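Two complexes come next, and they have one chain in common, chain A, joined by chain B in the first and chain C in the second.
Up next is the complex of A and B:
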């Protein structure tokens, strides 16, 4: 376990800022205690400092997880967001997409969201903007990337892709081993 | 048992006729034969179909051509070489390309160039020279000349006012050695000139110093390099002898260093990085701008529609019928389109 280097921090923040913009500040500066990002076996964990200090007593090989896994660094140094980060990112999300009940299941199986399944979308969402996907009952379902800007969505065909799938809560069942 | 001769003959004939003949007729164009190379070329055109038939045709053509070549070879004069029957092939006719490229002309040496410019032509020297002392023909060069020289020069006179301790024999050997060395130097100079290598004109070169290892700095550098030149970059190498080891600088390589696990400055550091990321100068994103514009136009259209609908809509709640209000709405829309 170690703190992130500057490059790693940059990569992480750049990815997070796609979803929550400058709200990353809210993650770093919390009233309920010190929180930090730590790297363990290529995975980035968001953890309270108190817990991190306790975890530091374990040898590296024995430590499986601590705090919340936000994602992992690929071998080429890119950061990949995991669905486990959803609980922390959803409240700060800048751009959201709501899916109709009929399209929910498709998304939870790892499919891209179609225009036909699009319930609502935040205004002023740009193309390729990171979005948090919600169900119509405001339950966060996962992450995505807007395939079309809001204005384009209105004129899009019903079967055209509106939101690319990035991660969804279905992964808790599908990819249990990968998520730790 | 009686044998039907005619039947057997007929059978043999039938078998023979089913086999391919060795008498082959040529196509419209004659073959070009070069038995010297055992080469035959068939200038007749092939059919232009790509099919199984074509393949069979090619097989047939190849067989026929080989047959023609064989016919020619067997018509050549036969020679017996150590109980083996051979054929005397004529001289080949077809010119073949050279195996290797034509050698480049040798670059001229300095003397050759000079001679060419001045028009000096070397005279052909006879290989043997008459020697009056030995009374014999002696070769101009070579070991026999050296032998003759030894017998001739069994005694050498002191020259002029040479010092007493000088040995003329040794002096002769020395001068010969020097001439050889000079020639070698000139040869190397010629090579260097032709290869366009820069060489100092005169004097002792620093190269010599390096080669002998006399420069103490060079030696130090070499020792340092040699120590580091292992698979583990000299980590497990024993120390060099005292003074050398002392002078070796610590390795210049950058070591990976991570921040301590717990530090008070971490939060500030992260905030700084965040500041850097969020305060990037805004770029003009054309797609984004177009998207925004489309969005605004949509909004405006919608609000204006709502306003007009609201104005006309008042009529709906008036005493007048709803039908008229609807008409008005429609006309309003049409008006906007115009």
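Up next is the complex of A and C:
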């Protein structure tokens, strides 16, 4: 377990900013204590500093998780967000996509979201902008990348993809072993 | 959308228009009398007679529809009642009399008939008496008898109206009977009756009838209860029958009835049992049947039968076959129970709160969607969790911003519950020894949005070494799973004594670790909750009691107000009275998994050391004796053994230079002997030496002529005393493996035996066999080291002395060593003596000893030294012995 290096921090923040923009600040300056990012076995954990210090007493190979896992660094040095980060992305998300009930299930099985299932979409979403996907009852379902800008969506065909799938909560049961 | 069970529009119960009871049919007195009209039976053939009867019957039916020959049933009753036992004999007689009368009056009964009709009934009785006794259910009985009647007495009754027989038959007949019996009453009361309206009269009659019916039914029941059982009890299956049964696939019906019967007998044993059958036989049979019926193995069934009274056992086992209702726990961090319930109801789930004791639990009765895959589930609004696993967390009562440890957390149900109660503050350490299973914890923790948790995969026993000072600890210990058989039926067939012991051992270690991880000085806490999903006291009360004895903890009320109190005594175990404060939960009484919860409060952080260590040792020994040596220790042992072998080999090589091989071999055996002899036994040995020497020339060298080979060997060794001793100690360590604790225990008692020993040794030495025996014995004592040193220092002398046949001196040598040495060799000696020459030496030994004591003064300094060493050796030996044991 160690703090992130400069490069790693940069990669992480770049990725996060795609979804929550400048709200990253809210993650770091919190009223309820100091929070920090820590790297453990290539995973990035977002955790209260107090807890992190206590967790340091456990041997590295025994430590499975602390706080919340945000994602992992791939071997090539890129950062990949995990669905476990959704709890912190959803409240701060800048751009959101709402799916109709009929399309919900599809998305939860790992499919991209089609225009036909699109319920709502935030104005001014750019193409390839990170978005958090919600159900119509405002349950966060996952996140992805907008395949089309808001304006394009209006005129898109029903079967065209509007949001690429990146992670969804279905992974909790579909992919529990590889969750973090 | 959702279909919620609508319980408001419940159909009214109670008597409505449709349920109004119709009055029983009544018959005109003529009809009743009609049946009494004697039919003429001529000397007809059997078939003719039946035909005649049919005809008549038909006629009468045409005339009066509904009048049915009662006799059949009357017979039936008569037949049935006699089955009942001695108590009801009088009744039987009466009944039979009635029967007779009936027979006299009945249709188709002539005097001739009567003769053989009776016997038929009796033969029926005889034939089917046994059978009936097997059958409990009256209904079946009746049916059977119906058939029998039809078959066996076709001539006397018309078969034409079988339909009626089955249908109204019963009522009618009973009515008729009553009619017969009550005839007098009715006539007597007829005056009054006339005053009444006919309907009223009817009603009165009906009442009476009903009462009668009830009475009869009651009697039947009683008979079934009382009279039938003894018969069944008698039919405990014989060995042959069992063998037959075993050959066939089990007939569940037979098994079930037999089990019920046996349970009945066991509940009223003195009355119902069969003469000469012991309770054990019944229990044995019951156990066998239960095992077969429910697919348990014998061990588990025995455990269950030990825990539950016979009356409950069936219920318990039945409950174990049935799935418990699915329960879910609301994640109070993300939603409220009411909202969740609404959302789920909208998805077509039928649910209810689990009970007043929990604010987060919901019971699911039925669901149209998979509960583990709804969007609410994925969003972390709830988790599937057994009702029973809410209990330990409630008992733990975690507070905000505490430090809490969950020692065996997978799959995370309780962990997340704790975190939810802590409202994501403080620190929660979730540990599980199994790395694979921690992944489930990780998944659940993240899904439910818990951020204060550290998940690690460590052996729970190591945790206090890494982190202490927890305010609360939850130990949901790994267990045999005897409480969750409905979930995992493997437990009932695949667990045995060994598994339980292994698990219990682990639990003991875990609970101590858990207590050590606690901080007694915590302002808010210092509590440990120990829970298992097992119902065996071996894994529950035993462990709790153990912890109470090992650490400064006390039991406090578990904080759950239902459940059964824990056992304070169970079979041979007597637990601390405070174990009443623990709680047990059973599938059949609480409709949740079998569960056990105990809550401790830690009183001080100090670990009671002194008695603790001793206890630990003894514990360890016990454990080692019957199970599960630690792998590491095993390895260590192996390593030591290997070393020993090497060293031994070296030694052998060295000595072999000087020695001829056979001698060498012998020497190995005898090494221990000389010490023994030298130590204490020399004096007597010397006396007898002369004789034995002659007998066994081979062994001489050791004792009598030290100058020869033995001397050489000694000399060969002496230069490397350390090695030798080591090697020997090692051997000592090894040897005890073969023979277990005896040596140790004997160490203390030995002194009195010493005397005997001294005598024995000489002979033992001489007789090769006995010598062998001795060697092994020496090993037992576990301190052969002594012998080596003794050899070095004394034996030569002793040998010389013996040569000189100085009886006086030898005692001295003994004396010097004896006080301490005694203990070591004694056990051997005793044995050796027995083997060799119990008679002669016994008288002498005391002498030798006494003689030895007096000359103390003379004892040489060298000799004195040895005891010290011996002592040290002894000290060592027990340890090595222990290791070796495993």
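Heads up, the rule we're going with is that the second predicted complex is superposed on the first by the 179 of 180 C-alpha atoms of A that agree within 3 Å, B and C clash if a C-alpha of one lies under 4 Å from a C-alpha of the other, contacts with A are read in each partner's own complex, and residues count from 1 in each chain.
Keep this in mind: contacts are C-beta pairs under 8 Å (C-beta built on N, C-alpha and C of every residue); 3 or more make two chains touch, one makes a residue touch a chain.
If you're wondering where the values come from, they're calculated on a predicted model, not measured in any experiment.
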Chain A as common anchor, with chain B and chain C clashing or fitting: fit
Partner chain(s) touched by A:117 [first = chain B, second = chain C, both, neither]: neither
Which superposed partner A:3 touches (first chain B, second chain C, both, neither): first
Which superposed partner A:84 touches (first chain B, second chain C, both, neither): second
Which superposed partner A:71 touches (first chain B, second chain C, both, neither): neither
Partner chain in contact with A:144 - chain B first, chain C second, else both or neither: neither
Chain B versus chain C as contact partner of A:108, first or second or both or neither: second
Touching partner for A:50 - first (chain B), second (chain C), both, neither: second
Which of chain B and chain C A:127 touches, first, second, both or neither: first
Minimum C-alpha separation between chain B and chain C after superposing on chain A, in Å: 16
Residues of chain B that touch chain A when the two form their complex: 258-263, 266-267, 269-271, 273-274, 276-278, 285, 287-288, 291-292, 294-295, 298
Contact footprint of chain B on chain A as seen in their complex: 1-3, 5-6, 9-10, 13-14, 17, 21-22, 24-25, 28-29, 34, 36-38, 49, 52-53, 56, 123-124, 126-127, 149-152, 154
Complex contacts: residues of chain A adjacent to chain C: 47-48, 50-51, 54-55, 57-59, 62-69, 84, 87, 104, 108, 135, 139-141, 169-170, 172-173, 176-177, 179-180
In the complex, chain C residues that touch chain A: 372-373, 375-379, 403, 427, 429, 435-436, 438-443, 445-447, 449, 451-458, 466-467
